[in-house]
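Notes to accompany the following structure.
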Amino acid sequence: MTEPLLSIRDLRVTFATDGGVARAVDGVSLDLAAGEILGLVGESGCGKSVTAMSVLRLLRPPARIEPGSEIWLDGRDLLALPERAMRSIRGRRIAMVFQEPMTALNPVLTIGHQIAEVVRVHERASRGAARARAVAALEQVGVPDPDLRARQYPHQLSGGTRQRVLLAMALVLHPAVLIADEPTTALDVTVQAELLALLADLQRRLGMAVLLITHDLGVVAELASRVAVMYAGQLVEEAPVQELFARARHPYTQGLLEAAPRLAPRDGPHGSGGRHGGGAGRLRVIPGTVPPATAWPSGCRFHDRCSAAWDRCEREAPPSHAVDASHRARCHLAAEPERRAALPVALTGSVR
Amino acid sequence: MRSFVVRRLVQAVTVAAAVTTLTFVLIHLAPGDPLAGTMDDPRVAPSVRAHWRQVYGLDRPLPVQYVRFLTGVARGDLGFSVSYNEPVIAVIRRAVPNTLMLAGTALVLSFAAGILIAVIQVRREGTLTDRALGAISLGLYSLPDFWLAQVALLAFSYWLPIFPAGGTIDPVIHPYLGPAAAALDRVRHLVLPAVTLAALTAAWIARFQRAALLDVAADDYLRTARAKGLSEWTILVRHALRNALLPVITLFGLSLSAFVSGAVFVEKVFGWPGIGSVAVDAVGARDYPVIIACTIIGSILVAAGSLIADLLYMLADPRLRRAEGDADGGATSAVAGA
Amino acid sequence: MTVTRPSERGGAVWVPVGPRDAAPPERERRRPAYGPWRALWRRYRRDQGAVVGLAVLATIAAIIIAAPLLAAYPPDVPLDIIALKSQPPSWLHPLGTDPVSRDVLSRVLYGGRVSLAIAVLAALTAATVGTLYGAIAGYAGGAVDAIMMRVTDACLSIPRVLLLLTVAALWGRLSIGGLVLVLGFTGWFGVSRIVRGEVLALRDREWAIAARALGAGATRTLLRHILPNVASPIIVAIALGIGNVILLEAGLSFFGVGVQPPQASWGTIMQDGADQVRALWWLTVFPGLAIVTTVMAVHAVADGLRRAADPRSGYGARP
């Protein structure tokens, strides 16, 4: 197996809050290979955005990356780099796109200026040359009339266009890694589809690795080659995308997959009783809510919401078991196949 | 844009009219005869008194007087000063440039210093530097202006005789100085009063600018800038400050009135012959036309400055300009005027 | 006041309406455990500067109120026009004596009463006038509001000191009461704008509309529902107003246009020493220090109030 491009090892991030220390990210290890799209999935508050921000060291106090965490790129631990070296990585080797295109651009500077700024900061380019590259980047992300747009201000652009601009800003220096934190969440559905297609296309053309963070399984299904699922600050499952959708092993993942709304009910036009609770397509939800990061539950953090839990789950935190060569799950069930076999069908995760 | 300028000009004129009306009302509300002070001088013959009464229209009904007053001000006829023995307009014409020079210099100095202090405070937020600067700001902001002027005079004119003790120029030597030396002489006389006035305002501006910067500090585009690999200073100055300056420009407009007020006492202590000194002297000398004229002129200056501030704001905030290609249906995020 | 709302299972659910009506009627007399004022105080307490400011202010106020007890001499009686004229600070006279041989310490103490009283009363006057004006403008809206605010804007353009000088010139010597009124009536413009803005915003909130829908008249809605929510900015404005008026009164008195001698105020004491600032430095320095300390404390308190009233979520207090 080739050396991964970006390697996160045992990342722990804490926040000092009024209610205690919040362990937002608690021992996450991830590998991102060159040219692959890794989807990082989870509910709000599971720590995926914090993980992403840690890679570029964009977190500020009271957030703290605990010692013992490592993030490797090009054979260097990013967390040990001096700030100046880190700055040369940001925007050049690793770029990041955020969720809110409406507020992510400086309202008093032109689009062209903001994109050209990336070029001028990292390379010795003249104003004219940098601007030309900015316009070229706009064209590459499919912004019509790029020269005009470069002279405009953010408030003159729509949300979809702004997100394209942010992509252009991220990609103008052809970084090796793109971290996209919920890039389409704030956009209309049609615009979402366009942007995802654009992202897929750019990734193919530029051959960069993408860490795609989202709570939307549909997005993951469309773009990602591998998926990692986070819950309560930890990775609970990791698998190639097809494998995850077909044979999810962690009850949380199964719950997420079940909870995705569908147009047609599962068992015929009127649904059946029993496991669907009657009526056509009542959404299956995961009972309970995400616990606060200051007080993760004991043992397996999902045990109080898991329908397959038993006493071991409350006592003992499960390690990450290898279900397959490329499939891991943090669940005791993975180590106890007999117990798994005894569960009702609904809980074994045979989901279409 | 043009309609905006026109509207604001109209507003400035309205202000002038309003102030004139207000002063008229005050004059006639006040006990006693507006001319009483000046005309009490026993050397004034009754016929002269009657004549001036007629000239001032004091024998006419009130509405007529009002109209005469208003038109007089509009024409520039602000009455006659008995303490200077010349038309008030001449007194004003001499005094206004001095005030403009002092206030203008002080404004520039105070904004420069205030913004600089605020930037340093935010860059070093939470450290001793931040708190020390904050305490100094609070202190300066709490000083009586005339007191600071006196202390400044004491310190830098008596104990450490660096600067002259008042006035705009050296009364004795100035006529004999060559152009460069004459300019230097003026500058030397300007320093203490301008710095005094600036110090008081700078503290205030620093507080507001700091608050504005901290307000902006949570904005998303700063996170984007950081992700691009920019240094903290660049982010602070080129991104945050550019946005945080906007409320301060608004503040500039609103603060002019206080600024002119502060200038009054400072001018008097330093013997700086501007509107402020003239006004204070006029009160003592019961020279009503002069003090009234000073108030009207002062208000007009403030209105004019406020207009300039609003224009500056419009230039600085691209969201308020009508630019090319607005057809994208993008948000006209109208910044609601204060 | 409650309103019925159909519940999902049929039948009615009684829903309380309006901010003051969270408790059912029989519990109205009892204070809630964490009312808004308690919460304000708790937040205020966390700010060190503000707490220090409040302590200093309280100390100054206490000292000044206790002036008759603390002052060794009366403030307006020449003690010994020959031997004690213009004496520098000494054990007997810690702040020295003035050219008329009055004890400066006593004058500073009694003068403080005058200066502070004027400041507090003027600030309250300004706040009252401004609040009424702003509330009416904000509540009425439309043309009335526009006209009223135009007037305020015009008034805001007039430099306050010049206006005060004009009034002083026209009216001659002002009594202390007159001074309070004049200072108050020249300082309400800013408050009115703030109050108008808040009232305008709050007028169309659901609970205000609900109050009106249930029959509360305009006055009642304003007074009992809207204004209590505007209390914090008004209080901050009062605090700032006090600071400003202390400075203003000192200046006016110093130039002979405010409090008249021989009445002691911090400004008039400085006026006594104005001719010989170098020689009689104590007449300038001590009242000045008193003013600076008091105003700094007032500003610290105002800052603390402002921060406490507008808590930003996140990492620590922002100014």
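So that you can tell them apart, the chains are marked A, B and C in the order they are listed, and the count of residues begins at 1 in each.
Here is the rule we use: a residue touches a chain if its C-beta (ideal position, glycine included) is under 8 Å from a C-beta of that chain, and two chains touch if they have at least 3 such contacts.
Quantities reported herein were computed from a predicted structural model and do not represent experimental measurements.
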Of all the other chains, whose mean CA position lies farthest from chain B?
A
Which chain pair shares more contacting C-beta pairs: A-B, or B-C?
B-C
Separation of chain A from chain C, taking each centre as the mean of its C-alpha atoms, in whole Å
53
I'd like to verify one number: the distance from the centre of chain A to the centre of chain B, where each centre is the average of its C-alpha atoms, in whole angstrom.
55
In whole angstrom, the CA-centroid distance of chain B from chain C equals 24
Flag every residue of chain C that touches chain B in the complex, lowest number first.
150-151, 153-163, 165-172, 243, 247, 250-251, 254-257, 270, 274, 277-278, 281, 284, 288, 291-292, 295-296, 298-300, 314, 318-319
Applying the document's contact rule, which stretches of chain A touch chain B when the two form their complex?
56, 58, 87-92, 95-96, 98, 100, 102-110, 117-118, 121-122, 145, 148-149, 151-158, 161, 166, 169
For chain B, which residues count as touching chain A in their complex?
219-221, 223-231, 234, 239, 242-243, 246, 316-319, 323-326, 328-333
Residue numbers on chain B that touch chain C, as the complex places them
11, 14-15, 18-19, 22-23, 26-27, 29-32, 34, 138-139, 141-147, 150-151, 153-154, 158, 207, 210-211, 214-215, 218, 254, 257-258, 260-262, 264-265, 268, 275-276, 279-280, 282-284, 286, 288, 291-292, 294-295, 298-299, 302-303, 306
